[in-house]
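In the two complexes that follow, chain A is the common piece, with chain B as its partner first and chain C second.
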Partner chain A sequence: MISYYAKLGLLSIRQNPVLSALMVAAIATGIGACMTIVNIDYVMSGNPIPHRSSLLYHVQLDSWDPYEAAEEPNEPPDQVTYLDGTALLKAGKARRQVLSYRTGRVIQPDGDGQLPFQVSSRSTSADFFSMFDVPFLYGSAWDKAADDSAAYVVVLGREVNEQLFGGQDPVGRNVVMNGDTYRVTGVLDNWQPTPKFYDVSNQSFGEVEEVYFPLSVSIAEELSSSGNTNCWKPVPETTWQAFLNSECVWMQLWVELHGETERSDYLAYLDAYVESQKAIGRFPRPLNNRLYNVMEWMQNQEVVESDVKVLLGLAVLFLVVCLLNTIGLLLAKIMRRAGDIGLRRALGASRNAVFAQYIVEAGLIGIVGGVAGIGMTMLGLQGIRILYGEFDFIDRLVHLDWIMMSTAIILAIVSALAAALYPTWRACGIHPASQLKSL
Partner chain B sequence: MLNMKDVSKIYRTESVETHALREFSFDVDEGEFISVTGPSGSGKTTFLNIAGLLEEFSGGTYELDGCNVTNLNDRERSRLRNEKIGFIFQSFNLIPELDVFDNVDVPLRYRKFSSAERRKRIDRVIDLVGLGSRAHHLPSQLSGGQQQRVAIARALAGEPRFLLADEPTGNLDSQMAESVMELLEDINRNGTTIIMVTHEKNLAKRARRNIFMRDGCVSNNDSALHLAASSA
Partner chain C sequence: MEIGPIWRAMSRNKTSYLLIAMQIAVTMAIMVNAFSIIQERSRMMARPSGVDEDNIFYLSSIGFLPEFDGRSASEEDLDALRRFPGVANAIMTNTVPLQGGGWSQGLRTEPGEEIESIGVAVYFVDEHGIDTFDVNLTQGRNFAPTEIMMFDPDANGARWPDKIIITQAMAEALFPDSPNDAIGRTVYIEDDLPITIIGVLQRMQAAWKEWSGVERAMLVPMKRKQNSFRYVIRAEPGYRDELMPQIEKMLAEKNTGRIIRGMTTMTETRERSYLEDSAMIKLLVFIVGVLTAITGLGIVGLASFSVARRSKQIGVRRALGATRPAILRYFMLENFLISSVGVVGGALLAVGLNVWMVHAFDLTPIAWYVIPTAMLILWLVGQLAVFGPARRATLVSPAVATRAV
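Moving on to the complex of A and B:
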């Protein structure tokens, strides 16, 4: 019977093209507005590393000002000091740990006519690549020995490799950065976790860095951070060593822990570490260490702006308004066909059969509305792209994937069915005798 | 096959009660051709609506083909209506966007016959009413008489036990009316019970039995006496 109802539904849509088009337009507009914002929320709040997000923990130590929390009400700082980061990295109490910060470098190509160019770079320890499951196009990451010996090795991003080596395998070749020669160990394949979870303090939705090299090298080269640096007390001298020994937080520390036991053990270790530091006059605040896995950390950092949530609410309300209009239009359409309903009832259609017929018709309108809604969503996203074109990450936020397209269609069908419930219920209540004059 | 005993129907508003049928008792045997006449407001329509299971009644009992319809739910009533009753309306009530074939198909769809069975039945009844060559015409492409034949074919397709016809010739000229009456008489001769409401005495006379209704009751259950009297 479903195919019969679908045939009747298509016939009805053809018979009432204007009314049907208005319903499709109402649903498409509501879906378009709603899905535009839902899509942005979905991309922003998505899990950037779903298969490992529950194993990776961001470390926070409360080394802050005794009189004022790093962030109210009682949040520890988002980053760690060099002293703490390197101490915890060296202790190696987690399965794997990575300490890193964002910096900048200037590459000096050796080809004729190629000018030096600036690249964003990340100074990090070797576990960065394996912990964050970074894909390689060529070669691999450097090893721990390179970290320990401050070897001048580098991993290039795909675009930089295109620029320097025309996309060929450069493993073993040299790259000169700020006058120092680095040996290439690998080239990243396409990789863009969204949000950029490992360093949300420096543009949550920004591009990943173009070049990666050992932390030990950047410390030896006295390369300062190009990301956020926060200090709660002044650095006594302006020397690099004084900065390293300061209470300024500027590095991100991540650890890999499997299971709740490892997590609680590591947290206990952090508490013990802080207690040992208290003994030498550091960490004046009460114990307040935190371990957040990736998604907890995204939530803690409010990666999804509250504006987006407000917009999402407004978009849902707009969809509801569109659906109310659809209800009115469907009601008008169904009431115009009261005679047809009465006749079908007289010829043997039960109330359930009438209900099924009109629900299938509404479902068809929902499918068409959903497809049109995808078009409206694309228009909406294009509008956002134009409006916020100056941000380099906007393209990633306005990308519509298959999941969102399917969601748009399903939402449209569910919306159309929900809108059809009241009119269809009214249709089921039509008294056949009253519609057939006498009989 | 149709037995109504003391059936009543009361329409209630906030301040008024209208008795459309009062202790209405009526039996129909298989194969009968009954005409129902009476002035406007006498309860003919209400009787037919109740007989056709299109309307509930307020009191009494009604058995259709041995089945007491009083406590049936909507699905059971719909099924009984679909299987046992064929309707013929004064204004044909064809679905304008469906062609002849699909109009006749409507009641069969709710019967859930196979496609082959539906096609066989539709072809048979369309041929029976003489519209075999018009199966894929829309109602708007047919004359009034042809449209009523389609409605009769639709009523017959499910092979119902009886037909309820409401002024089946009311919208037709005399020539078309005659051909439709002849068709109904043929159908009756082949064993289908027919109850026909009409205002036209010459058509009512062609039924084997006439009931005359007044004020929601059967005033006279003998066509010969009543029709003769009113002719005089």
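Moving on to the complex of A and C:
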């Protein structure tokens, strides 16, 4: 029976090719527009480190200006000072703690013909790699002793290793950066948390740094941050030491804590630390320390562009318009055949039979529209890629994973059914008598 | 007029008409809000930066060898750049408008950290700054060569010079009561260091386009001793593109202790800076265009069905003496009534959506004329869409009525 209905449905679609095409196109465009934006939003609001995101906490201390919050209404600064960062790092009250900041270096390859080139770099401590679960292709992170002794060691990103050593294992070999020789301890495997949660103050979706070396080295080399540095209080002198002792915030501090008790204990410790600093005249504002885990911090920093949220709202409405359009057309089409339906009912077809016939026809349109909608989604994502091509991270945002693919299929089926149900239901309600009269 | 009968006929078949009206309403809500966003973005993108965007380009010089001497290298480079044929002028500075990264500082009209300060973007320049950026000095004077402070962080001397030039917008923010006599007045930087304003620029934007104080900037007469810096170069009109590779080569060969990076024109900087906004505009135009087309085609489809379904009625009316224009008018009027319900609902929906978006995303509220404009557009789209099917209705011959009964 179903195949017969399908045949009837196809016949009816063939009778009205333009209108049927319009209905299919409307569903397809609606789903395409909606899923394109849903996908972007999904990638942007994704969890960059799913298995550890609830264990990692971003530390904020309110060391700011007594007369003005770092950010209204009463947010503490989003980075920490050198004084506080190193004090908390040294205290080691959490399971693990990592202090880091972004810098830039120039690598001088020793081979002939290769020109010096600039790389983005991160100055950090050994725990960075284990805490953020960074994968290694060769070797490993440097050890704590290297941090303590400010040893010139470096971990290379995969691409830099390609460029310098042709992708061979370089562990133990030397790399010259800004005139200093560093020993390679490891090479990262492909690693790109999206968003780049550990430092969202620059580009939330930017590339991870290309090389990593100890914080103790960059402090000794007097390397300032290539990211944001914010000061509320004038630095009294222009020397590096004066800057280190200043109230400028420029470093990111993360700690690892397991469970609510450890979190509240650490928060209490932070409060006690700030109280002790108040005693020596720092921290003029009331206690206002924060510990956010990864996803809370992503939310607080609003890493998903508000443009995406606006577009998401409009895209959902867009789908609504497309569905209303299809419902209206299907309804008109079915009601036009009220006479046929009345006749069939008079000849003994049950309501269920009428329902089955028309849900098959409407469903056919819905399913074709849904499948075309997935194609439109891919087209839409390509369009976004072209539109935002200047951003190097756009490729990651337009990637359609299997979860989104299935969401698209489910959305297509639901939309198709939603569009088909009402007109079909109306068709079932047609009274045989009312129609036969007019024949 | 036939509004009464049309309305009664429509109420016998409410759902179809309601669906179209709803579709028009939602389309209108999207159209109005999209238009409002487009307007806001275009206004932002239309703001001039104040500098000569057509002819300026810039690049970074990054010294990496320990023995690299930034001070002497920059003096030699600037000398060579200014002599280079086709170069109008060049300076060493920290950033350019719209670039995205820069330095900001607070200025106060009274000393003391408890006084609220006004944020201002800092450009470090020498006496060639005004000419290189080609900004318009409306009051006061430029820096003299002797007033350029040589700053060396290791020497630990003075941190700021004693003279600055500010933009008109900064003058207005500092002295709201008398913005036009800023010249000669003293302001305070870093709480209590006095600085005298010697000039006012008509306009020069900061490096951050989304900053509310983007029009507030100041020129600081200072050459900082550092190993990495930026050169801003203004080419003679028409020479920019051929100069860029020549200058990159010249600088790279002059000194091997540094690398030259980030050669960029102001035109590219503007495009990149407003990329998200222009992409948003394109997306919204596309969405509204497709949506209007879908709604229009939906109206065509429904009207065609409705004409086909009522061909007998039309025949009867024609047989009873209705003229063709009367039939045309019937369908046009019917559509006008549906559209009216749609656009009135759409106006309410649009305002509701806008209130929510203003609240949630800090958008500007819609301008009053956007709603009537959108209403007119959708009325027009409806009339255009229904015209074809309605014309076909007029072709139904009176004989149809007799045949079928």
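Methods note: the second predicted complex is superposed on the first by the 374 of 439 C-alpha atoms of A that agree within 3 Å, B and C clash if a C-alpha of one lies under 4 Å from a C-alpha of the other, contacts with A are read in each partner's own complex, and residues count from 1 in each chain.
We take it that contacts are C-beta pairs under 8 Å (C-beta built on N, C-alpha and C of every residue); 3 or more make two chains touch, one makes a residue touch a chain.
Since the model is a prediction, treat every value here as computed from it, not as a measurement.
**Q** Answer with first, second, both or neither: which of chain B and chain C does A:Asp340 touch in the superposed model?
**A** Only chain B is touched by A:Asp340; chain C is not.
**Q** Which chain makes contact with more of the residues of chain A, chain B or else chain C?
**A** Higher number of touched chain A residues: C.
**Q** Using the superposition on chain A described above, determine whether A:Trp191 touches chain B (first), chain C (second), both, or neither.
**A** Neither: A:Trp191 stays clear of chain B and chain C.
**Q** Looking at A:Leu115 after the superposition, I want to know if it touches chain B, chain C, both of them or none. Which is it: first, second, both, neither?
**A** Once the two structures are laid over each other on A, A:Leu115 reaches chain C alone.
**Q** Now for A:Leu387: first (chain B), second (chain C), both, or neither, which partner does it touch?
**A** second
**Q** Return first, second, both or neither, reflecting whether A:Tyr269 touches chain B, chain C, both chains, or no partner chain.
**A** Neither partner.
**Q** If I apply the document's touch criterion, which positions on chain A are contacted by chain B in one structure and by chain C in the other?
**A** The overlap between the chain B and chain C interfaces on chain A is empty, containing no residue.
**Q** Within their complex, state which residues of chain A touch chain B.
**A** Residues in contact with chain B: 1, 4, 11, 15, 339-340, 343-353, 431-433, 436-439.
**Q** Quick one: in the complex, what on chain A touches chain C?
**A** Going through chain A, the ones touching chain C are 19, 22, 25-26, 29, 33, 65, 67-68, 104-106, 108, 115-118, 177-179, 233-234, 237-240, 305-307, 309-311, 313-315, 317-318, 320-322, 324-325, 327-329, 331-333, 335-336, 387-388, 390-391, 426.
**Q** Quick check on the complex: what are the chain C residues that touch chain A?
**A** 15-16, 19-20, 22-23, 26-27, 29-30, 33-34, 37, 62, 64-66, 113-114, 116, 151, 153-157, 159, 190-191, 259, 261, 271-272, 275-276, 279-280, 282-284, 287, 290-291, 294-295, 297-298, 301-302, 304-306, 308-309, 353, 357, 360-363
**Q** Enumerate the contact residues on chain B facing chain A in the complex.
**A** 44-45, 48-49, 52, 54-55, 74-75, 78-79, 81-83, 87, 89-91, 93, 95, 97-98, 106-107, 109-112, 154, 158, 164, 166-167, 197
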